[in-house]
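Same chain, two partners: chain A is paired with chain B first, then with chain C.
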Partner chain A sequence: MQRKAAMARSGSLNPDKYRLWNRVYKYRMFYLLMLPGFVYLVLFRYLPMLGLRYAFFDYDLRGVGDFIGFEHFKDAFTSEGFIRAFRNTLILSSANIVIQMTLTITISLLLNELKNQVFKKFVQTVVYLPHFLSWVVVGALFTLILSRQGGLVNMFLESTGQELKYFLGDVKLWRGTYLFILSWREVGWGTVIFLASLSGIDPQLYEAALMDGANRWKQMIHITIPHLVPVIVIVLIMNLAKIFNLFESVFVLYNPLVYKVSDVIQTYVYRSGIAEFRFGYATAVGLFRSVIAFVLVMTANRAAKLIRGESVL
Partner chain B sequence: MKSKLSLVLVLLMLPMALFAAGQQEAESGSEAGLKKISAVFDRILTEENGQKEWAAAFEELTGTKIDIVKPVHNQYSQILGATFATGDLPDLVEIQTNDYLSYAKSGNLVPLEDYIDKSTELKAVNRDLLEAYRLKDGHIYGVPTYNGGGCVTYIRKDWLDNLGLDVPTTWDEYYNVLRAFTEDDPDGNGVNDTMGLTLPFQTGFEFDYYNRFIMQDAMFGFQEKNGVWVDGFLEPAMKTALARFNKLYEEGYLDNEFFTNKTSTARSKIYEGQAGVMEYWSGTWAVRFNDSAKNSNPGAEVISIEPIAEAFYINRVGPAFSITKAAKNPEAVFDTFINTMLDEGEGQTLFTHGIEGKHYTMDGGKYVMMPEPANPDRPFDKAYSDPTLIMNGWEPLVPLTDLIVRSRTIHKANAIQLSLPQGGETYIKRVGELLTLKQEIFSQAVTGALTPAQAQAEYKNKAAALELDKVLAELNM
Partner chain C sequence: MKQNKSLHRPSPGYLVFRTFNALFMVTLTLVIMIPILKIVIDSFDEKASETVFRIIPETFTLDAYKLIISRPAMFRPLMISFITTVSGTLVAMTVTSLYAYGLAQKNLPGRKFLLGIALVTMVFRAGMIPLFLVVRNLGLMNSLLAVILVHAMDAYYLLLLKNFFEGIPVSIFDAAEIDGCTPMQTFIRVVLPLSKPGLAAIGLFYTVFYWNQFFDYILYIQTKPHLHNFQVFLRSLVIETDTQGFEGFSFATQSLKNAAITVSIIPVLILYPFVQGYFVKGINLGAVKG
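For the complex of A and B:
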């Protein structure tokens, strides 16, 4: 404090600034290492956000036109197609989060119980693999498997005397089929985080529990799951942030027979905005998606804080 | 300290000097003739198939360097749109048919009618083909990349022969062929594993290029009828077309998975002998259908056929070449590129067949196309311009096969020319949603969830909320 005052009196550098600069200089190599990431973040994550202003402008192939306020938002909210797409997005995304998280956690816990490491690695690899297939391939694959013209599933149904089903063309079956395919592709990949977290649990806790007579079920309930809760909350919040990001998976699996239950915000915008070069409109809908996702993330974070006493973000 | 300062100054000056040099080059280019064209193309050769060599040959021929960007075909429209949105315009672009109106109205393209009138090369092109690109403002903003072309119906001739049937010439005969292909075991394998007609579901206005035998005089999109633009979906002809679709679908003569068919899936069903009829592009596809079907079954024979008495084929407005306002000397771009493309000499050979020794060669005194490096089992069919859709009557060096000539001749003799609907702001704003609505209601009518009359009533009702009246008024302005 005295030094600060003395420096101020003598007219030398601002002591806070001086210290900051000293710290920066001292850790200059760390700052240098951080620089590429920082530049990337600014260039590719923050600067593009300036484009959000186009949501309030008339913007198409003619370039950026007049400022039109909330006109695009009004257009979207009064469009039956948009409202339907919004509803479908919420239904499919929420169902997907619940199903995927349940399956991911279950598979992770089961894999964690496997003692044969070779078999465990084999199963892990098998469940990861679908994630690396592109959606175009997955779409073509399931269109064939589910076909009524020699598709595996319908051949099985036929052999058991059941009626053939148009899984991807029936409004009653599409959502279930879609969620199954989505889970098939993503669940294995989702186990990575949980398995990493499980491997970090102190083995002594299990040993102590064993000494106390806890069977494997009790160990899972009282040790494994409580340790997983923070990761579950983080994954849930991350998934909520991506809740409106359904596009490719729907695009390769939907068709006009099932638009009613399958058309999501991204596919709607693709058809009615981007395909017609209505960039302003597409930006407005995109901005709306982001705002909703942000609200959901913050709400989940707040809920986590209320329940667990600490927030994630 | 001094040396450090000098270094900083040099570093600061360097980009400025480079910028100045670039400016000088560009300016001298515009003064002394065209040095370079920047272009975004869709259907040109891929790099693997010799795009760079093609560009070098173009430069050698014209003295103008051409920088080509070729986005992937299935994302071409979006990528070109994004390029325009950022204001980073090339000099020359290929614009897909459905997008032409939006680009032409964007103010980013240069009117071409004066250059067209001056061009001796374009005198040999049918004027109607050029006029199809004229907007209501009186300007033509694009030159056809080729004669639009269209689809014809392909049929398994060997199946017809097996069943003792003739090529159908009326709807009743066609219906009977589809029935027989589905029910009478046309491949003679003793298994009920065939269907009459397969088709992909076309999600855009391409719908009208296909399905002509069922659609007949009905149109899915907007159509000009006696000088007035109407919505084809609300016309009486559409009601009977929907009834025909529904009948074929319910009876199983039409592929019951056509809503989920991609074009490749539908084509495979012809190749593999699952289906006997499909409507698809005339030209080189005539050979591919026949050859691929023969690969699966050497006895197979696929031919193109004349339309039935009640139907006609469609000649579409093809993709366009347009020059943007970024071109410093648009007339020179036009001369260098468009006129070379149609010069009936070296230029047209380069555009059509490519480079000798790379894309085509001489074999026993005859010109033949060479195998594609990307797919050695398949010979090149073109470098850029389709030899089966030549606009100016030029005779290609590589002779066309009989199957190609047959499909093109049939198409040409039986096709009506489509014109481009030219709407305004409301049209551009609503056309996507109107199309979605049509597709949904169409699919419900085909599967029988709605009767044709209900389908039209529902469309009329819902389209009203999407300002259909205003859209039609704009089209008829």
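For the complex of A and C:
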């Protein structure tokens, strides 16, 4: 190794170089096979990154204009629409994290206590299912279920003599309805990782605890929960990193009546960029979002590394 | 022995807990299933609007489904969905598995770089507008190629496949090489048959993804609505009609809406048992780092 390094440094007659070209030549067919994937990455993942420069240019329907520095960012930070979207993103995301984590962990622990394996499998099969339905299907399902014209929920309210409610069109009800639907789709799926972790607990620990006279409750407090804590922390961190990802769920469930409480950064980017053709401005808002998301992911990864000595990414 | 027995006898508190737990699980499954069942069952029931909920349709009918098949405005989106799901999955599987095959070659010069540029895309993406502008500049607007190609390789599935391919013993590759197989022949005759479970899992995930895709159609197919898929149609039919006063589908009855939702659920339901068998494995695979 040392000799190789010395020769590489001297630069003359570098055998490594020849060997490298021989190896590249030997693997030429593999490069050819990888070409479609490589072209894909360049065209659809890296070329757009060059397009991020439009965040600093005047760019709308008239085409790319002058370099304007941070004007778009200044515009955004003083615009009511952006601030509203930013606030809604934070509110909906954090409420969602609290609700979903609580429900997911509770349901995982309860599922774990089921002794009848057939019943357990059945419940699991049912609760994982919504995750595989598209947001359009979920949105359409709940639009009909919550509809004021013959929707299941409003029919029930009517039969008990209550007023009809416009769940997805009322600023007071939208957030709660949205959070419920989000949980309906994702909570079951969230239990997968916890159940996997629970099944990894050594049964001998429970046997030993039983011998020591610990009841089920004490076993849960002293064995199950401590075992779950690292997983909980990691899932929490990964959820925090995804705070700014809310999009499709909002897109299918919101409407102009409730923009005030529902518009999030991504839907705001879509409307200003695609519907209003403010390409430069929307790129700037999107860039702001991407940078924050990136920082959150990297911080989360660092934190997870500290906790379990291994990165999540 | 006596003491042991008493330890295993469930206390009254525990019995109460078990009852409560079972009831909770039943409630949970009902909360998940009722919205789905209500829509699916009503779509077969002529007199659905007269009842709140019933398990067996009172008057069984397939009228709404016949309507979907007979009206081009509904049948075309359905066909578009089938075509893009099949071709999208094929394209994505080809691109992803070939790239993964290259990455699985331990001595490939530049392997780290080629892996790295794929991994970076997991944490940093330019975002919606820059990608939209690239698709537009490439002349892919209003073409189904756009919705297929922008998702031709998912970095996470790429990693799973790479790990899967790396699990194949090197000696098998060596034997194939000695027998005179080119890399492509090795891939088709050795790697693919040995990786069936992994390929099937990723293939299923891509299938569900392409079937469920909808926003890319709205984004990239703007002036040719006849190229929209069934999900986009469903959104107009049910959601926009309800919340935004959209009046493009004056023929939309309640049972038609129910049937349209059911149609887009069915393929997922058919694939679901297979997908479910794989995803827990998939998560385990993901934990094995490359």
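Here are some notes:
As a convention for this text, the second predicted complex is superposed on the first by the 218 of 313 C-alpha atoms of A that agree within 3 Å, B and C clash if a C-alpha of one lies under 4 Å from a C-alpha of the other, contacts with A are read in each partner's own complex, and residues count from 1 in each chain.
Here, a residue touches a chain if its C-beta (ideal position, glycine included) is under 8 Å from a C-beta of that chain, and two chains touch if they have at least 3 such contacts.
Quantities reported herein were computed from a predicted structural model and do not represent experimental measurements.
In the superposition on chain A, A:R62 makes contact with chain B only, while chain C stays out of contact range. Shared-chain residue A:G286: touches chain C; no touch with chain B. Contacts of A:G161 after superposition: neither chain B nor chain C is touched.
Of the two partner chains placed by superposition, only chain B is touched by A:Y259; chain C is not. Of the two partner chains, neither chain B nor chain C is touched by A:G200. In the superposition on chain A, contact is made by A:G188 with chain C only, not with chain B.
By the document's definition of touching, of the two partners only chain C reaches A:F142; chain B does not. In the superposition on chain A, A:R216 contacts chain C only, with no contact to chain B.
Of the two partners chain B and chain C, more chain A residues are in touch with C.
Touch criterion met: A:P48 reaches chain C, while chain B stays clear of it.
Taken together, the two structures place residues 140, 143, 147, 168-169, 255-257, 273-274, 279 of chain A in contact with chain B in one case and with chain C in the other. Interface residues of chain A facing chain B in the complex, by the touch rule stated above, are 59-63, 75, 79-81, 140, 143, 147-149, 166, 168-169, 255-257, 259-260, 263, 271-279. Contacts from chain B toward chain A in the complex involve residues 77-78, 81, 84-85, 87, 99, 102-103, 105-108, 201, 203, 256-257, 259-260, 262, 265, 274, 428-429, 431-433, 435-436, 439-440, 442-444, 447, 462, 465. Considering their complex, residues 7, 11, 13-14, 17-18, 21-22, 24-25, 28-29, 31-36, 38-39, 49, 52-53, 94-96, 98-99, 101-103, 105, 107-110, 114, 117-119, 121-135, 138, 149-150, 152-153, 158, 182-184, 187, 208, 211-215, 219, 231-232, 234-235, 237-239, 242-244, 254, 257-258, 260-261, 264-265, 268, 272, 275-276, 279-280, 283-284, 289 of chain C touch chain A.
If you check the complex, the residues on chain A that touch chain C are 20, 23-24, 27, 29-31, 33-34, 36-38, 40-41, 43-52, 54, 107, 110-111, 113-115, 119, 122-123, 125-130, 132-137, 139-145, 147, 150, 152, 155-156, 159, 168-169, 184, 188, 192-193, 196, 210-211, 213, 215-216, 247-248, 251-253, 255-257, 266, 269-270, 273-274, 279, 282-283, 286-287, 289-290, 294, 297-298, 310, 313.
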